[in-house]
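Each chain gets a letter, A, B, C and D, in the order it is written, and its residues are counted from 1.
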Amino acid sequence: MAHRGGRHFLQIPGPTNVPDRILRAMDRPTIDHRGPEFQKLGQEVLEGIKPIFGTTQPVIIYPASGTGAWEAAIVNTLTPGDKVLMFETGHFATLWRTLAQKFGIETEFVPGDWRHGVDAGVVEAKLREDRDHAIKAVMVVHNETSTGVTSRVPLVRQAIDRAGHPALLLVDTISSLGSIDYRHDEWGVDVTVAGSQKGLMLPPGLSFNAVSEKAMAASRDNRMPRSYWDWQDMLKPNQNGFFPYTPATNLLYGLREAVAMLMEEGMTNVFARHDRHAEATRRAVRAWGLEILCAEPAEYSSALTAVMVPNGHNADELRRVILDRFDMSLGAGLAKLAGKVFRIGHLGDFNDLSLAGTLAGVEMGLSVAGIPHRSGGLDAAMRYLEGNGGEVKKAAE
Amino acid sequence: MAHRGGRHFLQIPGPTNVPDRILRAMDRPTIDHRGPEFQKLGQEVLEGIKPIFGTTQPVIIYPASGTGAWEAAIVNTLTPGDKVLMFETGHFATLWRTLAQKFGIETEFVPGDWRHGVDAGVVEAKLREDRDHAIKAVMVVHNETSTGVTSRVPLVRQAIDRAGHPALLLVDTISSLGSIDYRHDEWGVDVTVAGSQKGLMLPPGLSFNAVSEKAMAASRDNRMPRSYWDWQDMLKPNQNGFFPYTPATNLLYGLREAVAMLMEEGMTNVFARHDRHAEATRRAVRAWGLEILCAEPAEYSSALTAVMVPNGHNADELRRVILDRFDMSLGAGLAKLAGKVFRIGHLGDFNDLSLAGTLAGVEMGLSVAGIPHRSGGLDAAMRYLEGNGGEVKKAAE
Amino acid sequence: MAHRGGRHFLQIPGPTNVPDRILRAMDRPTIDHRGPEFQKLGQEVLEGIKPIFGTTQPVIIYPASGTGAWEAAIVNTLTPGDKVLMFETGHFATLWRTLAQKFGIETEFVPGDWRHGVDAGVVEAKLREDRDHAIKAVMVVHNETSTGVTSRVPLVRQAIDRAGHPALLLVDTISSLGSIDYRHDEWGVDVTVAGSQKGLMLPPGLSFNAVSEKAMAASRDNRMPRSYWDWQDMLKPNQNGFFPYTPATNLLYGLREAVAMLMEEGMTNVFARHDRHAEATRRAVRAWGLEILCAEPAEYSSALTAVMVPNGHNADELRRVILDRFDMSLGAGLAKLAGKVFRIGHLGDFNDLSLAGTLAGVEMGLSVAGIPHRSGGLDAAMRYLEGNGGEVKKAAE
Amino acid sequence: MAHRGGRHFLQIPGPTNVPDRILRAMDRPTIDHRGPEFQKLGQEVLEGIKPIFGTTQPVIIYPASGTGAWEAAIVNTLTPGDKVLMFETGHFATLWRTLAQKFGIETEFVPGDWRHGVDAGVVEAKLREDRDHAIKAVMVVHNETSTGVTSRVPLVRQAIDRAGHPALLLVDTISSLGSIDYRHDEWGVDVTVAGSQKGLMLPPGLSFNAVSEKAMAASRDNRMPRSYWDWQDMLKPNQNGFFPYTPATNLLYGLREAVAMLMEEGMTNVFARHDRHAEATRRAVRAWGLEILCAEPAEYSSALTAVMVPNGHNADELRRVILDRFDMSLGAGLAKLAGKVFRIGHLGDFNDLSLAGTLAGVEMGLSVAGIPHRSGGLDAAMRYLEGNGGEVKKAAE
């Protein structure tokens, strides 16, 4: 592409802007994946990634996209014919369900309006009904990348516990890990699915399964055919920092740097930064007079905000104008939201002035595209940001 | 690791030395995988990779290690209970068989001594016996990374044809693609499995399936559960340069550069360069008085040479000495060859002087480690290289 | 420095934000500066840089900062005791004068208020007075980096011509080249001084002298002792793409890429982009109710805007707040402007959204630092940017 | 240049192979050279570079080639008409003398045969003759890059002291610093001149003056016109980590990394490594039956070896063959040595196997070019390297 002056604003909700430190860390020769230098790298990343999941249990690292880690969570714990409880919170929840069905899983899919998260009351009710424990897993998307709606995982956990049901809890954190507070161990999650290209600030190509004791035990007995995704095959060499097949070494260099950066900033600060930018974004949206897709404030996403365009207007046309005129990529509305919403990613390696540039691009784009709105959105965001050194109370907690 | 002066010699048979041009190509911001700039990239790599396989048919690109592409070849074309014909040519053939077994495939595994390639006569005989066509696929490793023995794929094809058998031909070219002459279409291969980290000179993290019409048809009818590896899901978005899930964008930047580099040099020259370096290496080994593991000259690998150490000596101790004293990584003997052979990788981004450095490291290492040998190995290699502008007749062709 | 999330905004008026393409172009092995590959590089950059100066005459490239190129312009054309006419347009004009004095040059330094450019009427008057042509050179800073005031070089040229005076015209374009329209040949400039780290988007370390026939002739007769800066020593090897001493090869890699990028965008577009961002910035400043240091609209700089803070307030304290809270570097007031102005760089690799982020940082910083101002500055800039596809009429032309 | 497979061998005696760690360290955004982050960098490099010179006194860092640092040493300490004592040890000593002459320095240039270093006896005799101390400086090249001959600086110091002469001692270490043992303070050197692109493993573009108290005092009184090179202007801002004009920030990033790497390896080990590789090279040259240019073993260079080709043969033709066939750059014979010698650089980031590759390229090149020689050179080098863990006794110490 011919140069046009200045840096592209990549404000889709992932892949996110990869910081120079991480690109540089990856830009070095690949090493022998069976040698002592690799071993040190392997041990560092396998150990270093754990606090980011809020776990002291094993985290499996795959050379694969997040979709692969979805598949891994299923093929390690479930068998064709098993029943699971899932929730139609948006496009990615729907895709995960489709994936499960391909492996012969029977999915009870609680319908949703794509504007709300998982209803913990429904979880409890469904599990109470399931007296013979046919349901083997409750599968939840923590942060719906297609809608900017989060589901409150602790409430889901409590619902399961209240129902006294043995189902595993599988949670997709692909677009929340490293951006929104998450606690694999404390919240009693059995499998956490994640990817590299969002809050971890890496290019795509790595994905993760954090695995509880209970899930690990289930995998030992599980007869679903599998090889690439098999946890057991991973665990043994991982104990020494190695992998059963050639790992994506250069992405692991990047992961080591990403972990270092997140630890330098501190996870609490990282989460507060995301909360603050999300709140500033919502204030801009409201000032524009546009509607936030997420209908429940306690479920607002700190990683992205999906914004509805007024009836009769096309969000994709707006996105095209913004890309052409202002060199910024925004997320499209997906599936049944196509053309109706655009999504602002405000996650990953991001700061106040980049957010201001992002909101300026949206505000000017709305004008250029002729979408009815009030000005003053960025103003509202700035007033919030300037008055706020970083403390944000988040409803969900 | 603390600096010790000079560049590490990574002479394992993969991952290979990644050229600066490729590292630099990858060292740039990730882009929107749904936008127009990505589309151009996607179209370029999906088209550009084809001549390297010698095909005009689709090549599927996975964000995964080569092991994933092994699995993909199986789950797309075979069903639990299917029978396949495989050959014990070495460690990787054995691993591929194990993988197939995990998916319920019945593997007829013709025993071998790890010093010879596939015997085409046996292929023909076995297929002729199989009158009711229970064998669904013949699965062959083109270049056994564990032994430095190649199998002559055209002879296998002819054997299948002579037997008039409809079995698919699946070939692993993980350590040969881009290094040793290979022709997916001309040789009538149905699925070619490959990876990024060998002849393609990339870091690990991408793998490939080149797919014939016949294999594609088989996949349409195949009921083996699959999702991540599913060819059909890939093909549709691929037609426009896109992928069904987030691709490993930065590795694709590298792939575009790798394709450009191979085209600049010309595949014929690339193969001749590898043949020449392999011949120089074998002359060194013979001058040292050591034995080449590969027993059949027509099956010598141009990607690596496995060398046997005399009885009573340990190849791993030699490798340790060479790593410590000369900062070079060599390949270990695997499985039943552990301690008995070491493997010299001479593939990928490589030239005469790097080969000389490599052979010097081996020759000095043999002395330091006290392994009986004659000197003069590097001398023999130099005499060959200096007298030879590049023409090499290869027995196998 | 510990990671704090997001990308630093480097909005000093140079060094500017180095684009990734340039950093990557520099990130490769140094080559033999006497070999054929270097020769090609040398020829490309020596030829490619010329259109950026608007010249077909030689451009000398030094491995040095811009200060070195200032010195080079003097030691090649002037001799101790020579008289020159200079103008106190700001801090850098003053420094250049001091440098000239160190080499024994007698400088007539026309006083100024640091808010105006060179008065062409004064040039003409002074030269008319100088009947015996004691004045050997008129030395002008095109864009005063310390004030954001440009001098209109064509008017200076016309003044010299009207006076019929043979003085050389030396022009410093360190902070204008590649950002503000400039024409070495058309405007009859004899020596143009430039540096790498502003409009050329490179790191610091290269500087330039574009040299007219007349200046070259003067240098041949000039007896000022010199070696490193000597044009004659450079010219001969330059004809073949080489240099008389080891050049800064990796910066030349970057220069090749910078030239390519400017040519891709087109110099007319580059200048229009800078004009437009400068106008947007001034609209923001006026909306804030602050005063632009440059007093004459025809002399507004398109590279930077210096803004006065109200009496009783400290611009450095504002800058400190902005750096701490919003991770943006702005330029300080220099010398007699210390504490009184801050300077916003809007040059180099820059676009609308980065400008919006920059202005947001200033606007929020003014609030946090408690500097009296009206809000709405960024709003005014956005209204201008969104209504304007790129056409800007510039008063100076 | 089109890809040809493998990594270029850059075996000129500088610029040397820049390690990836240094290229990567430089590949990051330029920062504000007046801000706190730069200050830390400035302090680190200004302090960190001192032990590499063996000094606790100031080291001045210029954004310039080594030639600039030659000029700086002169213009800070000498005045037109001053007399200096220099020695024709080779091409660079001759160039430095020419440079001095351009600044009006009267150079007594003791003739030499380009095969020997400075004769300390001559130093003493010349200084004893100079009863009225007209000689202001003794100027010596530590390692003659054109010949591979070192001069023993401690002996020169002793000669000056024995003569009781107050002359300054200026030493060029451009191709020795960081490769050959050197001690600015202990050896009583007044100005040490150095560059970035040799033992410091950086790209060209930085150069250095280490300055004694006595030289600093001389500079305070010295009236030679100067500005860019002026030590006094540098010293004040340097105290806080800053520079009087824009420094070459990205090269300073590289310098910080280079210092770290040299400290990790340890200077004693760095010198021993160079000594060892030089000895191995000489053994190869002798085994080939070729003559080493340096006539005095106590003066052998550990940075490079200049090799004479037999009469009637052309070293440049040999170099061309080696570049074309083996992708290796060697140093040319310069000035009166043109065509008669080639120079093997074995300095900087280098190890045993790279040396073996280098010597293989020379040995094969000799054959291809038809230059009479015996084989066995690389063999001799390998026997030395394999038997030698690193201890080398060097005659000069």
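Simple rule for what comes next: contacts are C-beta pairs under 8 Å (C-beta built on N, C-alpha and C of every residue); 3 or more make two chains touch, one makes a residue touch a chain.
The structure presented is a predicted model; accordingly, all values stated were derived computationally and were not measured.
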Pair with more cross-chain C-beta pairs in contact, given A-C and C-D: C-D
Identity of the chain that, by mean CA position, is farthest from subunit C: B
Centroid spacing, where centroids are CA-atom means, of subunit C and subunit D in whole angstrom: 35
Whole-Å gap separating subunit A and subunit D, where each centre is the average of the chain's CA atoms: 54
Subunit A and subunit C, separation of their C-alpha mean positions in angstrom: 45
Subunit C residues counted as touching two or more neighbouring chains: 17, 20-21, 24, 27-29
Touching residues (chain side subunit B, partner subunit D) in the complex: 2-7, 9, 17, 19-21, 27, 260-262, 264-265, 269-270, 273, 325-328, 349-354, 356-358, 360-361, 363-364, 367-368, 375-376, 378-379, 382-383, 385-386, 389
Residue ranges of subunit B in contact with subunit C within the complex: 20-21, 24, 27-29
Complex interface listing, subunit C residues touching subunit D: 1, 8, 10, 12, 14-18, 23-24, 26-37, 40, 62-68, 71, 80, 99, 102-104, 195, 197, 203-205, 225-228, 230, 244-251, 323, 329, 332
